[in-house]
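Note that subunit A is present in both complexes that follow, paired respectively with subunit B and with subunit C.
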Partner chain A sequence: MGEKMIVYEPLPKLRNGKNLMQYIQEAQYEKFDKNGNKRKSISLSNPERIRADDIVTVVYKNQKPVTGQVLMVKRSGLNSTILLRNKITGLGVEMNIPIYHPNIIRLDVIRRPIKYKPRNRHYYIRNSRLDVGEIGANGKN
Partner chain B sequence: MSSFAPLICKRAQSTVTNALSEIKSSKQLFSPSTIPFINSQPSVTFTSRESKRQRRRLLERPGLIGVKRGMTCYFDNQGRRLPATILEIIQNEVTFTRTVEKEGIYSIQIGSGYQKPQNVTKPMLGHFRNAKVSPKEFLKDFQVMKPENLLELGTELKADHFQIGQLVDVISVTKGKGMAGVMKRWNFSGGNATHGASLSHRSAGSTGQNTTPARVLPGKKMAGRLGNERNTIFNLEVLDLNAEKGYILVKGCVSGSKGSFVEIRDALKKYGKHLINEEK
Partner chain C sequence: MIYLKTLIKVIDNSGAEMVECIKVLRKNPMNCAHVGDKIVVVVQEAKPLSSQITGASASNRVKRGDICRAVVVRTKYPIQRDDGTVIRFDDNACVLINQKDEPIGTRVSSVVARELRKKNFAKVISLAPRVV
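Now for the complex of A and B:
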């Protein structure tokens, strides 16, 4: 590179050089989970977190609450979901619930098992003797 | 003028008929062979570069160059959860422009990213110096319609170039899969798993007939290189953008790996126009 060659400076760094994915995730949490309750409810560091085998009621802003047993918790940032299973008139019903959805007010754990099953994904209980019963709003079969 | 032949192109103007149309009365009418010469413009043939340019669907402004950073979800105001791709817009500046007079097209070259000067060749450093911008990592030309669409060298483009809710096309290079068999590359069914199948569970089967035509017809789908090719995804919706923070969220997926450069432009099928239709 000769002395005569002029090289211009790059434009200033955006976000003070912060990683974009990290910035967006924090901005999304700030918008959809201001008090951090939803983040805490599935955080692995929280011993009171929602786990597979729990019975959970999801309280909505604009519709009736949904109750079911958790089959699995998928942790992927704002896209995190829990899979609830219940039985309605003997028919197995499952719902994938995006927990950071703005219409969801809170998630209540209404019952925990005495002993947790030794897996994190309980797909194998479907249509077996371990399957969920008809769970009512009070969490009892 | 004896060798006058009608021009085939629709856009070409027959100069003799133009000259004769200016003759007002029959007294002035004289034989075309007595006309010494006519100043005619060079005809625009159907296959000429300018003619092709006028038949192309073009946009009035350039696009942006983004970097694919990953995917997330987006909750819209109707309560829907939509998949979204995050594209970062960094260091987008105009580095060069081309004109019809010199290069045959009107286009704007936009650079993105940053490279250390010691990693850039001297000719390219001169190219960036002329535009008074920093050395760029990735350059791309965006063809525009008219000379007044050209931007000044060194103009910075930000994410608010686009608007929320508009449609964009995203062009990028797909992930390379290397040498792939027909089941992966062309979704063939493969062979039997059992019933005596031997070494042919994923094979292509027959590639043609017998003595006639005694060859494999061109275009036969076979195993080979898969991926690592330019791919355009049309009409993706812009869900969110922020010029200050430098990102765009588009609905759905975008080809390529994380960290790869993508071109983002206004949706050609919606906002593109033909020059030839505009003049009518």
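Now for the complex of A and C:
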């Protein structure tokens, strides 16, 4: 009980006490989606979000835009993708596109259906009577 | 995923309609062909020869049972690209080529994959109506 114990000041909290993974994710969103448009376009809280059955055009910086009907939207942070299906010269072509890629400028919803089909993943329309038609750049068959 | 015994559609005007793969060139035996790979095929179904066709396309016509080379232009198996995009077609298709890697036919009827350009098949790309 002779000597006095030295008590140091507590260290300042790193990242203002924010969770590390949350901090990284926010930093990445800040880097790849500055204005938040892409986040908003697939956010579940947004009634105008991209849904399966919409017809969407993906506009790129360095290549031609890609158009197709959305079969599904995979929401997994920065790895979120949309699956587009289209028919080109009568042949079905599917593209799974990661939407936060820096070469993608924006996602345009060209057309929405009057009534959405049931389910969020429309894999069942492949090669059935519900299958997509030949969708051009203006969204018409 | 194209290997021994795979039946592939032919999308040029060489006369063949359906071919069967008998060899994937320059790969180890357990491997399979993807877009841009060369294969050896046997013609299983061909359009009948008619007298109307003349010129270069007539001399290059193939018959049932012919063995020739082909290049895979699209696959049902997904292709992963550098930017993370995954692309998948509804069928497997090829274009017949000669020993110098030039297409035998003079026309390509439907869409082909962009990966062919990297593998030096610019002729096939230029003949195709759409490149995805």
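Quick note on the criterion: the second predicted complex is superposed on the first by the 128 of 141 C-alpha atoms of A that agree within 3 Å, B and C clash if a C-alpha of one lies under 4 Å from a C-alpha of the other, contacts with A are read in each partner's own complex, and residues count from 1 in each chain.
To be clear about the criterion, a contact is a pair of C-beta atoms (placed from the backbone, for glycine too) under 8 Å apart; a residue touches a chain by one contact, two chains touch by 3 or more.
All figures in this text were calculated on a predicted structure; none of them were measured in a lab.
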Which superposed partner A:6 touches (first subunit B, second subunit C, both, neither): first
Partner chain in contact with A:14 - subunit B first, subunit C second, else both or neither: first
Subunit B versus subunit C as contact partner of A:28, first or second or both or neither: first
Which of subunit B and subunit C A:89 touches, first, second, both or neither: second
First, second, both or neither for A:127, with subunit B first and subunit C second: second
Partner chain(s) touched by A:101 [first = subunit B, second = subunit C, both, neither]: both
Subunit C-contacting residues of subunit A that also contact subunit B: 98, 101, 103
Touching residues on subunit A, where the partner in the complex is subunit B: 1-2, 5-11, 14-15, 20-21, 23-25, 28, 32, 77-79, 98, 100-103
Subunit C residues within the subunit A interface of the complex: 78, 83-91, 109-111, 129-130, 132
Contacting residues of subunit A [partner subunit C, same complex]: 81, 88-98, 101, 103, 127
Footprint of subunit A on subunit B - complex, ascending: 69-70, 72-73, 75, 79, 81, 86, 88, 90-91, 93, 114, 117-118, 122, 125-126, 128-129, 132-135, 156, 244-247
